[in-house]
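Below are two complexes that have subunit A in common, paired first with subunit B and then with subunit C.
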Partner chain A sequence: MAQTTHSPSAPAARSGPIGWITENSLAGMARRRALLGYLFILPSLLGVLVFTAGPVIASFGLSLYQWNIIDPPTFIGLDNYERLANDTRVLQSFVTTGQFVVLAVSLQLVVSLLLAMGVQSLKQTGLRYVFRTAYFLPLLTSAASISIVLAYMFHQDFGVINYYLGKVGVARIPWLNSSTWAMLAIVLTYVWQQIGFTFIVFLGGLSGISRDVLEAADLDGATGWRRFWDITLPMLSPTLLFAAVIAVIGALQVFAEPFVMTNGGPGDATRTVVMMIYESAFSFLQIGYGSAIAVLLFVVILLVTALQFRLSNKWVFYQ
Partner chain B sequence: MAEPTGRINRRNLLLTAGAGLSSLAIGSATTPAIAAAPAFLRQEQTLRIAFEGTAVDPLDQQLADGFKEQFPDANIEFIPIQGTDWNEYFAKVLTMIASGTAPDIMSVATEGTQLFASQGLSTPLDDYVKRDQAELEEYFADVHPSLVEAMMYEGSLYQLPRDFNAANMYINTTLFEEHGIDYPATDWDKDTFYQIARTLTAENGGPPFGYGWTNRLWGSWMPWIFVNDSNLLTEERAPGGEWLWDAFYADADDTVQRGGGWRWEAPQANAPANVEALEFVVQMAQEGITPSVSEGGGDLLQGFFTSNSLGMTPAGGFWAGGLNEAGMTPDAFDVQYFPKWKSQRHQFGTAGYVILESSQAKDLAWEFLKYVVSKPAMELSFGGNFSTPVRRSMLTAEQYSPTGPQHWEVFYGTLDEHPETAPIPAPPQANEMTSIFMRYTGLALTFSQSPQEALDSMQAELEELFAQEG
Partner chain C sequence: MSQAASQESTIATTAHRSLVLNRLGLLIRVTLLLAVAIIMLAPIVYALVTSLRSPVESFTLPPKWIPTEADWSSYRSVFTTIPFEQYIVNSTVVTLAIVIGQLITSALAGYAFARLKFPGRELCFWIILATLMIPLQATIIPVFVLIKELGLSNTRASLVLPALSSAFGAFLLRQYFLRIPDDFEEAALLEGANQWEIFWSIYLPLAKPGLSVLAILTFNVYWNEFLRPLIFLQSIDKFTLPLGLVNLQGYLGTGSISVVLAGVIVSLLPVLVVYLVGQRYLVEGIMMGGLKG
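Up next is the complex of A and B:
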C-alpha cells in the first residue's frame, strides 16, 4: 500500500487565498513579500486613488453629462465636447495659457539656473545657505497672498512699481489694464513665486556634476561660456529635462495669479484654461462642461509631456 | 532554481482599483442630487445661517442670544462664507446645497433673489406673511414698498428686506474745500458733475482723481445707465402681489403701480443711451479723471477716498461706517443724489434672509426672519452704519452723527424723492450676466475696444445667454 509521506515539521497545506499566501514555497515567499510591500504603500495609494485618480476618472464621467448640481445629471454623450470645439473663448484660453507657459517657463528655467550657478560658486557655506533660503522662500508662501500684494504693487496709479519707475522718468505702465502688460505682470509674479523649486533642482544637479570632469575641462582650456555650453549644460541635461517637464505641467495649470490679479482680464487677455474650468463649473454651474474642458486640458498636458520626452532623445545625455 | 510564479500583479491591482473607482464615479453621477442630511442626524431646533463674510461678528452672536431668549430651545449656527463678491458667495452656497450640507437660512442680496427663487431653492413667504399679518404691519409701515417689491418674484415674496443701498454720490469734502467747491444742489446735473470732477483732478491726471468706481454689477457705471433713463435689460413688473400691497400698503402714499416683482427678460446692452453712458465714463478715464478701474467689492476705492486721492464715487449707506472706521471724521465726507441726466433715477440693491426649501426647520427659520427685522434687532445690527437699514424710522440725525455723513437723509430720500428708482437688473442668470458685463466693461475701460464695440459684443453674448436659458 502506497504511503503518502509528509515532512514531520511541515504544516498541512491550506486551500484558498490564505493557502495561496501562506504557501511554503519560493512563490509563496515572493507573494508574501509583495503583499507586505503593497500594505506599506497602501495609505499613499489610497490617497492617490481617492483624491487624485478618483476625481480624474469622475471628471471623465461627468464630462458626458449635463449637470447644474441642483437638478439630477442628464446624460448627453459627447455634446459637451462638440460645444467645446466651437467655443472660441475656451479655445482662446488654451492659446493664452500656451503663451503664458512659453514666457513663464523660459524665464523660470533661465533665471533659476543662473541663480543656482551663482550660489554654487559661492565659497562661503554660510552665504550659500542664506541665498538658498532666500530664493526658496517664496515657494513656501501662498500664491493667492502673493498675488494680492503684487496686484497692489502693479496698480497703474497707486502702485509702488510705477512710483519708482516714475522717479527715473518712465511713464506709468498699465500693468494690469493692458492685454500685453497684464500677461507680463502675471508671468513675473508666477516666476518669482515658483523659481525656488527649479532653483533647488538645478542646485542639486550642479552638485552632481563630477569635479574631475570640470577640472579636466579646465586643463583642456574649456573655460567660461565654452565650459558651460559644452560640459556643464550637457551633464545637467537630465536635470534640465526634469525641471522643464515639471515647470510646464505646473504652468499649464496656472490659476491663482491671473484669478486674483486680473480675473482673466482685460476681457479674456489673461484668462487661462483652469479659470475657464472654474468659471464653467463653479460660477455658471455647468459641471459637465467644466469637466469636459478639464479632460481636454489633461490630454494636452499628456501630449506636451510626451513630446518633451520624445524630443529629449536629441538633447539629453545620460551618463 | 525556477522563477517564482503567481506574484501579485501590480498592473492588475491598479486596473482593478481603477475599474472599481470608475464604477463608483459613474454610479454616483447617475444618482439624484443628494438630499439634505436627514433630520435625525442634526440637532433639533438648530438653525444654520449662511452669510457672506470671513468671520462671525460679535453683533451676530448678540443677535443669536436675543433670539434664544424668545426661543430657548433654538440653537443658532452662523456659517461665514468668503467670496470676492456676491456671485462667488452664491456659487459656494449652491455647492453646499448640492453636497447635502445646505444651511437653513442664507443672506441674499438682489443679485441672488431670482437666482434662488427661480430654481425653487428658496421658500416663498406668502403663507407666513398672511398668517402673521398683524404682527408684521408695523414692519411694512416702516419699509419703502420699492424695497419689498425687489424681494418678490412672480407674485411671491421671498425675503423680508433688512438693508439696502442706493448708488448715491459720495463726496470728499476735504478736496471740495481745497478747490473752493460748494456742496452740490440736489438736482445737480451731469455737466456740473463733470466740471467738478475735472477741477478735482490733478493737472496731467491724478492722483488726486475726480471720480472713481469699481467694475461690478452694483455701482460701477450702472448708475449712469439709470440716470440716462435706460437699463442693461428690458424691465417690466410681473403680475400678482396684490395680496401684499392690499394688506400692507393700501393706504400708503405710493404713486407707483406695484406688481409681483421685476422681470428682466431681454438684453439691450447696446441701446444708444447705454453706449452714451459708457462713452462718458471712458472719456473720463482717458482724460485721467478716473483711475484704472479694478474689480471687487470696493475696498481699494475706499482706501483711495480715505487718503484724499479720490474726490467722488458712487456708493451707498454702507460706506458711512466703513469710512469712519478707516479714520475719516464725520465732516470729511458727505453724500448727494446721483447727478441728473435724462432723469435722476437711481439704482439700488437690497438684502435679506431667505429660507431654503431644503430646511427641516422652516417654522423656526420664519421666526428668526421676523426677529431680525424687528426694530430692536435691527438697531443692534446697524448701529455702526455699515449698511442702510430698510426701516425709515432708523435713519435719524442721532444715528449718523457719530459717523457722518451730514446729509444722511439722501439715503432714504433716494426712494422718496425719486420713486422711479429701481433695483439693479438681477434676473435668474445674474451670475453669467454679471461676468459678461464686467468683461466687456473692462475691455472698454482699458481702451481695448470702443464703447460701441464692447457693448455690441456684450449684447451678442447676452442674447446667446438668454436664448440658452429661455
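Up next is the complex of A and C:
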C-alpha cells in the first residue's frame, strides 16, 4: 500500500520547483495558470517594450544629441530644440499641418455625418448596402497608391477633374502647382480616402439611438432640424467625440498624400510635420534634430487630444 | 354631413400631400447619396478603365468610362518594366508574416489578460494599453536605428519584426475572451483537460470572430503601409507594392499612366477580396478604431 503513494501518477510526490508547479491541488493549478499567464503575455509585452515604449523614451534621448548615424553621437543638450524654435521651415510645417487638420477633419466629420444620416433614413436594405459599400471602399485602398491616381486626376492639363470642370465653364485650375489649390487637392484626397471610417462609426452610433426616443420626439412634434439639434446630435455626441479624436490624431500624421502628390510643394506649401521628420532624419541624416521634431509632434498630439477630452465636458452628453 | 365630408377630404389631401412630400424627400436624398457614391467610386473606376486603354491613349480626354475594347498590354508592361512580381511576393510575405505573428501574440496575451490570474497582470495590461496612444512617428527613428544595429537594414524582416506584436490586437482579443463564459473551463477541468488544452481547443475556437477581425484589419494596414517601407528599404528588389508603385510613378513621370494604374489595380485586388469575404469583421474592427492603428 505504501508503494502506491510513490507511483509516478501522483505528481504531488515530486519535489523541487517541478513539483511545486505540477502539484495536483487547487494551489498547484493556480500556480500553473499564473506561469502560463506570464508565458502568454511575454511576446506582446516584449514587443511593446522593445518597439514602442522603449523607442518613445529613446526619441527623447536622441533629441538631445547631434548624430549622423555614422560617427559617434555628440551630446548637445537642448540645442536641437533651440534650433527648432528658430527654424521657420519647421514651424511653418506645424502651421501647414494645423490648417490641414482643421480643413480635413471638419469636412470629413460633416460630410460623413450627413451621409450616415442619409443612409440610415433609407428603408431599402439593398440601397443601404450599395451606398455603404461605395463610401467605405476608398478606406481599403493604400493612401500612397491612390494618391498616384488622384494626382493624375488633378493634373492641370490632362486631368479628368479639370476636363469636367471645363465642360461647365471653369478655367483650368492649377490643382497641384499653386499653394492654395495644392492644399485643397490634398485635403480632398485625404477626406475622400478617410471618409469611410467616420461614416461607419456614425452609422453605428445612429443605429444605437433607440427608436423609442425618436418616436417620443415625433409625438412631441420635434421634427426636422429641431429633432436633429435636440435629440440626434446630443445622443450621438459620444460617438462624435470618438470619431473626432481618432480623425485628428490621424490627420496630424498626414504624409503619403503630400509626399506622392506634391512632394511638399509648391515651395513648402504642403510640407507637413511628418515630411519634415522624414527629411531631417532620413534624407539629411540628422537623427537628433529629426527626433526633436518627432517629440514636438508627439507632445502636440497629446495636448490636442487632452484638449478635446477637456472641452468634451461642455458638449458631450452621456445617457 | 357635408361639413364632415369636406373635413374628411381635407384629411385625405393632407395625407396625400405628406405622402408626396415623403416621396419627393426620398427622391432628393437618394439622388444626393447617389451623386456622392459616384464621386467616391470615380477614382477607382478611373484607374480601372484607364489601365485598360493603350499606353499612348491613356492620357487623352475624356476617359472612356466604358471599356469597349480592353487593351491588356499595360498589365503585361507593368511586369516587364519593373520587378512587379517581386513586389507582389514581398508584400505577400511581409503582410502574411505580420498577420500570423499578431494573431499568435495577441491571442496569447488577450487570453492571459482575460482569463488567467497572476500578480502584476493589471500593471502589464495598462503598460500595453498606454502604448496604444503612441503614434508611429514618435518611435520610427529609434526603431530605424535599432534595425540598423541588428543588421536588418534593407530586409523584409525589418518590416516584420517590429510589427509581430500589437497593443491593439492584445486589447481587442481580450475583449473577445472576456465575452466567453467561465463554465466551459469548469466542464473541461472535470474531464481532465490541462490549461493549455483549455486555451487551445476550447477558448481559442470560440474567439474566432475576434481573430477574424484582427486578421482582416492587420492585413489591410500592412498591405497598404507606405512610411515604414519607404524608410527601411533601399533596394528595388525588396520593395513592397505601394513603395514600388510610387517609385514607378516618379520614374515614368507622366509618361504612360496606364502602366502605373494597371499596377494600382492589381495591388487593390487582394484588399477587395478580403472585403468581400470579411466585411462584417472589417466593419466591427473599424468601429473599435482599429484601422487608424
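Note that the second predicted complex is superposed on the first by the 270 of 319 C-alpha atoms of A that agree within 3 Å, B and C clash if a C-alpha of one lies under 4 Å from a C-alpha of the other, contacts with A are read in each partner's own complex, and residues count from 1 in each chain.
In this section, a contact is a pair of C-beta atoms (placed from the backbone, for glycine too) under 8 Å apart; a residue touches a chain by one contact, two chains touch by 3 or more.
Values in this document were obtained by computation on a predicted structure and should not be read as measured data.
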| item | value |
| --- | --- |
| First, second, both or neither for A:F197, with subunit B first and subunit C second | second |
| First, second, both or neither for A:F154, with subunit B first and subunit C second | neither |
| First (subunit B), second (subunit C), both or neither touched by A:F40 | second |
| Subunit B versus subunit C as contact partner of A:L127, first or second or both or neither | second |
| Which of subunit B and subunit C A:F282 touches, first, second, both or neither | both |
| Contacts of A:P266 with subunit B and subunit C, given as first, second, both or neither | first |
| Superposed model, subunit A: greater residue contact from subunit B or subunit C | C |
| Contacts of A:L26 with subunit B and subunit C, given as first, second, both or neither | first |
| First (subunit B), second (subunit C), both or neither touched by A:L140 | second |
| A:I69 touches, of subunit B and subunit C: first, second, both or neither? | both |
| Residues of subunit A at both interfaces, subunit B in one complex, subunit C in the other | 29-30, 34-35, 38, 45, 49, 53-54, 58, 62, 69, 152, 155, 158, 282 |
| Contacting residues of subunit A [partner subunit B, same complex] | 20, 26-27, 29-31, 34-35, 38, 45, 49, 53-54, 57-58, 60-62, 65, 67, 69-73, 75, 152, 155-158, 174, 176-179, 263-269, 279, 282-285 |
| Residue ranges of subunit A in contact with subunit C within the complex | 29-30, 32-41, 43-56, 58-59, 62, 69, 111, 115, 118-119, 121-122, 127, 130-131, 134-153, 155, 158, 160, 163-164, 192, 195, 197, 200-201, 204, 242, 246, 249-250, 252-253, 255-256, 260, 274, 277-278, 281-282, 287, 290-291, 294-295, 297-298, 301-302, 305 |
| Subunit A-facing residues of subunit C, complex | 26, 29-30, 32-34, 36-37, 39-41, 43-44, 46-47, 50, 59-63, 104-106, 108-109, 111-113, 116-119, 121, 124, 127-128, 130-131, 133-146, 148, 161-167, 169-170, 194-196, 199, 220, 223-227, 230-231, 241-243, 245-246, 249, 254, 257, 260-261, 263-264, 267-268, 271-272, 274-275, 283, 286-287, 289, 291-292 |
| Residue ranges of subunit B in contact with subunit A within the complex | 1-2, 4-8, 13, 17-18, 21-22, 24-26, 28-33, 87-88, 91, 94-95, 97-98, 119, 121, 206-207, 209, 291-295, 300, 304, 309, 431-432, 435, 438-440, 442-443, 445-446, 448-449 |
